[in-house]
Structures are given as C-alpha cells and as structure tokens.
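Here chain A shows up in two complexes: once beside chain B, once beside chain C.
After this line comes the complex of A and B, so read on.
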C-alpha cells in the first residue's frame, strides 16, 4: 500500500507506451460496443429486432433531449454528445463488474473528455457563429469581463472534469474501504448506489457539455 | 496526484474512436432508418390523403349526381302533375260538355213533349168544348114559344103524385112561380107562360118573371122549395160535372 491509489495503474507496456488499466477497460468497452452494434444492426432492415429497437430508443431519446436544449436539429451534435453519454454510462457502470475499475475513476479519462469538450465548444461555436462573432461574445456584456469570461472557459471545464473524477474515484474508494473493513457482501448496496451515481454523473457531464456547446452556438445563454 | 500523459493521449484517441464507432454503426444507421420510416410514413400519409381526396371527390360526385337526380325527379314530378291536371281539366271539360249536351237535349225533349202535350190538351179541350156546346145546345128549344110548350110537355109528363107535390109546394104560404129567362119575355109570351103554368099547377097560381142573362138561354122555373131548370147554363153545369166524374 505504499503506492498512491491515484497513481496510474499500468498493466503492460506496448513498446514505449504504458497501457494503463483505464485504457484497457476503455478498449474492452469499445469492443463491447462494436459487438453490440454489429449484432443489433447486422440485418440493416428498417424494422429490426429488440436490440436494434432498444438502441433506436436510446438514440432518439438522446436526440430529443438535445433538441430540447438546442431548440434546433440535434443530429449535428449527436455524434459527440451522444457518444459522450453512452461512453460515460458504460465507463461508470464498469465499476459493477468485479475486478474492473471505471476508467472515469482515473483523472486521465475525465481530463481527456474535458479536453475534447473544451475543444468541441470552440469548434462548434466558431463554425456556427463565425470567428468574429464568436470571439466577440467574450466581450459581452462588457469588455471588462473578458478575463473572467476566459477564466470561466477553463474553470467550468475543470469543474466538469473534477466533478466526474471526484465522484467516481471517491465511490471506488468507498467500495474498497468497505470491502476491506466489512467483508464481501456489505458493499453490494453501495454497488447499486454506484449504478445510480454513474448514471447521474454521465447525465450531468453530458448535459453540462451540451449547455456549453449550445451557448457557444448561440442556442442558450451559458 | 500523477497524470499519465500517455494514458491521457490514449483515452483522448479512444474517445474519438468511440465517437467514430458510434457515428458509423449507430447514429448513421438509426438516422437512416428513421428517415426511411418517416419517408414511408410520409408516403403512406400521402397515399392516405390521396385516397381521402379521391373519396371526397367521389362523395362530391355522388352528391352532385344525387342532386341532379333529385332535380330530374322534381321536374318529372312537376311534369306528371301538370299532365295529370291537364288531363283532369280536359276530362272535366268533356264531362261538362256532355252534361251540357244532355241537359240541352233533355230541355229540348221536355219542351217538345210539353208542346206536344199542350197541343194534345188544346185539342182535347177543343173537343170537350165542342162536346159541351153540343150538350148545352142539344136540348135548346128552337123558339120562346117552343120553350113554353116544352116546359108544358115536361109538366104533363109528370106523374100525378109529383104534380100534386108541386102544387102543395106552391099552395103553402101562397107561393109563386118565378120564370127566369135570359132576356125579358114580351107580354104575349108572359101570357102564354101564365096560361100554361096555371093550367097545370093551379088556377090561382101567381107567376113572376125575372131576367137573368147568366142562364145563357132557355128557362128556369123557381118554386118556393125547388126549381125546374131548362136553361143552357144548367145543362153546361151538368155536362161539366159529368166530365169531372
């Protein structure tokens, strides 16, 4: 127990590249996703089986949620935001699998997602409003707020990242401490609570990212 | 807290791969299927609208045809009513003409029968008048003197009892015989009447003379309780009574 629990958990080295547990878990999630999608859409028929219908429901529900926030066609934003939600759900729920730690419980994954959201906000904003108009919104409502506006761009992404990481990491710690102190079955209710926390955190992260992007494209006030 | 920059980079790439994976194998197929379903639904809705439009057109056509049939039916009904009224009026007029003809014929027949009956009646009346005249003139004496002789012959022809009854009638209250003639008899004829009557009904017989044109001719002898009539008027009255019987 000398090593920090927050330190990267490297499983093996791929050449000079260390492959951590979070990366391996993410790859497993990606393989699972690919398998499920291949299984669901193997026929390509407009009216497929139950799995295809369930996935359609998931997609249309996310699209409807995005439409409510953006008040416009959600499909241009769906690849990023929908993938964000689905990936976060799967990554957070990986905690319920014995021996698997959620990738979001390590700072690198929330940081990577935060970095992508940060870049995506500006990319969507610049594309939707143009460079001049987009940059001009940092001077609103008054140019004196430019430093605060720039700072808020960093802090909100930072809070987004830390919120996800803190919740998932703390949950991992709680489960580990309970398993250590109380035995095998006592953490089960906390695992169920972890499912709820994982879903809520995925939803919060996605909705906040959506709101940031919507503000950048001028759909809502951030 | 340490940050593994390799892990950060790999997770960034991993998430981008996830985005591509989901876009390629989830969002795109789902969107395509949704669009296909929406297109199919839109096509079905359009087909349904087309069918509804055709149904509405068929209904409108049906309503138009029904209205035309109703109009035709009303016109035909009006024509039938007009024809029936015309035929009825013609029949009524024909019946009226026939009735008028029958009435006129009946009137002509009645007038003809009436005229014939009147002519027959006039002929019968003429015959009756002739009969009456014959009857009335049949017992008429040819002269005043012959009339005296005729009455004398009548009195002579009476039985003794009858003549005695006349005398008793005249003797009671000293009665008189009144000789009624159509014209006043001259004195010689009065004398003849007194002589003839006194000879047969008593010598002290009082004889009076009265002129009465109503008896038309002949003579009537009026006693206190009876009369002997030999006048034309008496014969006419008896003939008329006989005709009535």
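After this line comes the complex of A and C, so read on.
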C-alpha cells in the first residue's frame, strides 16, 4: 500500500540487472503463452485437436474485429495487434491468481507497450505508403499544422500509456484501501469489477493501437 | 510549519482528483446518453456504436487519469520535498 507505483519493486538481481516483479510476471505470462501454443500446435495439422480449434476461433474473431476497423485485409497487422491483445488480457487478469499483481499496474510495462505501438505505427505507415507520401501526411491539411501533428504523435502515445497504467494502478489502490478499511467480503464486488476493467482496458488499448496504425497506413482518418 | 510543502501537496492531490473528476464525469454521461439514444433509434448499428463509444469514453477519461497521475506525482514523487 505504501509502495510507490512509480518505482519498480525489485524482486532479485540477475547479475547487475535488477529484475522487478512486473518483469518476472511478464516472463511467466510469456512462458505460459508459449507453452499453450506449443501444446496446441505441436502437430501442425490443418485439422488439429480441440485446443487448436479453440485458439483458431480466438484468432479469427480478433481478425474479424480488426477488419471492421481497418476496412481492408487485417492479416498483415494481426501478429502485432493480436498478441498485444492476448498479452494484455492475460497481464490485466493476472490479479486473479493470488499473490500476483498485474504488470500493467506499474509504469514500465505500459511504457514498453506504448513504445512498441509508437514504433510500429511509423514502420507500418512507411511500409504501406512509402517515405515521401508518409511524411507528406504530416503537412496535411496545411503545412501550418506540422507542429500540432508532430505533437499529437507524442501525446496520443503518452495518453495510451498513461491510460492503461492509471486504470490498472488506481484499481489496485482501491482494492488495497478497501482491504485496509473493511475486512473480508467487501472487496469482492470490486475484484469482480477489476476483471471487467482489465478486459475493457485491454480492448481499448488494442483498438486505439489499431486506429493509429490504420490512420498511418491510410485506411481511416484519425 | 516546516512541513508546509507536504501539507499543501496532499491538499493539491485531493483537489486535483476531485476537480479533475467532475468534467470527465459530465462528459462521459453525455456520451453514454447519446449512444443510448442512438442505439434505441438504430439497434442494428449497436456494434459500431458501442465500439466507438468505448474508444470515445477512453479518450474522455484520459483527462481524469491525467489528474490522477498529477496527484500521484504529488504524493509519491514530489519534486519539492527533496
């Protein structure tokens, strides 16, 4: 409760590198994802088992959602956005496991994810439109708006990061304060609300990243 | 009053969150009301409307989250208390 959410809480040192709790949780989620995927797709057959079919349903559902936003073929963007969504869902719901805090509740994980989105927006934009046309869209509608366009590139990624961090962290605070004030059963509805918040924040982060990328490749106006 | 900076910082944090929550609350209320009306008029557009609503609500509540971050900076990473 009295630990600052802005400072990392270091679990152990790996040589000279401090490993914080959020990084360890992220690694655990990565190992879990990798294990499930390796288990599901170990045969590589077109008609796999039940687990493979379930995962294919997840992937095609995400692809259909992305197609509605992009209004074009979503598959080139699916590896990034799909894994972003699945990772965020698992990370935000990590609090369901007792003793685990969501890594998105500390500033460093949302910052890293925001940086990934920031770089991939420009990478996709440059690849889809070419350097000249991509850079020219900063001069639209008039060249006078160039500073504002550049500023909005930074602030929207900053707000993406702060939104995820603030929501997850503030919810942790609410739970901590409630557990401090009122004993056993009072925090339970708020824990249930936390599941909803985690899912909605994962959805919003992914949708906003999708909208930014779609604007960069010229699919939608944003 | 050697801890005046701390006292003012706590008051500032409370003020930032309480005042900063009013505007986004009113804005989110209007947005949800408009979306409800639109869904009632055109139930077949509910999917698109709710997706746009979620994104819009996220944009609106960013303002409140900024205020929360200011409050947290004042409480945990105050640059004036040394």
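Remarks
Assume the second predicted complex is superposed on the first by the 217 of 222 C-alpha atoms of A that agree within 3 Å, B and C clash if a C-alpha of one lies under 4 Å from a C-alpha of the other, contacts with A are read in each partner's own complex, and residues count from 1 in each chain.
Heads up, the rule we're going with is that a contact is a pair of C-beta atoms (placed from the backbone, for glycine too) under 8 Å apart; a residue touches a chain by one contact, two chains touch by 3 or more.
All of these numbers come straight from a predicted model, not from anything done at the bench.
Because the two structures share chain A, they can be overlaid on it, and in that overlay chain B and chain C fit beside each other without clashing. Between chain B and chain C, more residues of chain A are touched by B. Once the two complexes are laid over each other on the shared chain, residue contacts for A:76 go to neither chain B nor chain C. When the two structures are aligned on the shared chain, A:108 is found in touch with chain B, with no touch to chain C.
When the two structures are aligned on the shared chain, A:200 is found in touch with chain C, with no touch to chain B. In the superposition on chain A, A:218 contacts neither chain B nor chain C.
Of the two partner chains placed around the shared chain by superposition, chain C is the only one that A:163 touches, whereas chain B remains out of contact. In the superposition on chain A, contact of A:60 is made with chain B only, not with chain C. In the superposed pair of complexes, A:208 makes contact with chain C only, with no contact to chain B. Taking the two complexes aligned on chain A, the least Cα distance separating chain B from chain C is 5 Å. Of the residues of chain A, those at positions 4, 6-7 touch chain B in one of the two structures and chain C in the other. Contacts from chain A toward chain B in the complex involve residues 4, 6-8, 10, 17-20, 22-23, 26-27, 29-30, 33-34, 37-38, 41, 44, 46-48, 55-56, 59-60, 75, 78-80, 82-84, 86-87, 103, 106-109, 111-113, 115-116.
Of all the residues in chain B, the ones that touch chain A in their complex are 1-4, 6-12, 14-19, 21-23, 25-27, 29-31, 33-34, 36-37, 40.
Residues 4-7, 68-69, 159, 162-163, 166-167, 169-170, 200, 203-204, 207-208, 211 of chain A are the ones touching chain C in the complex.
For chain C in complex with chain A, the touching residues are 47-48, 51, 54-55, 58, 61-62, 65-66, 68-69, 72-73, 76-77.
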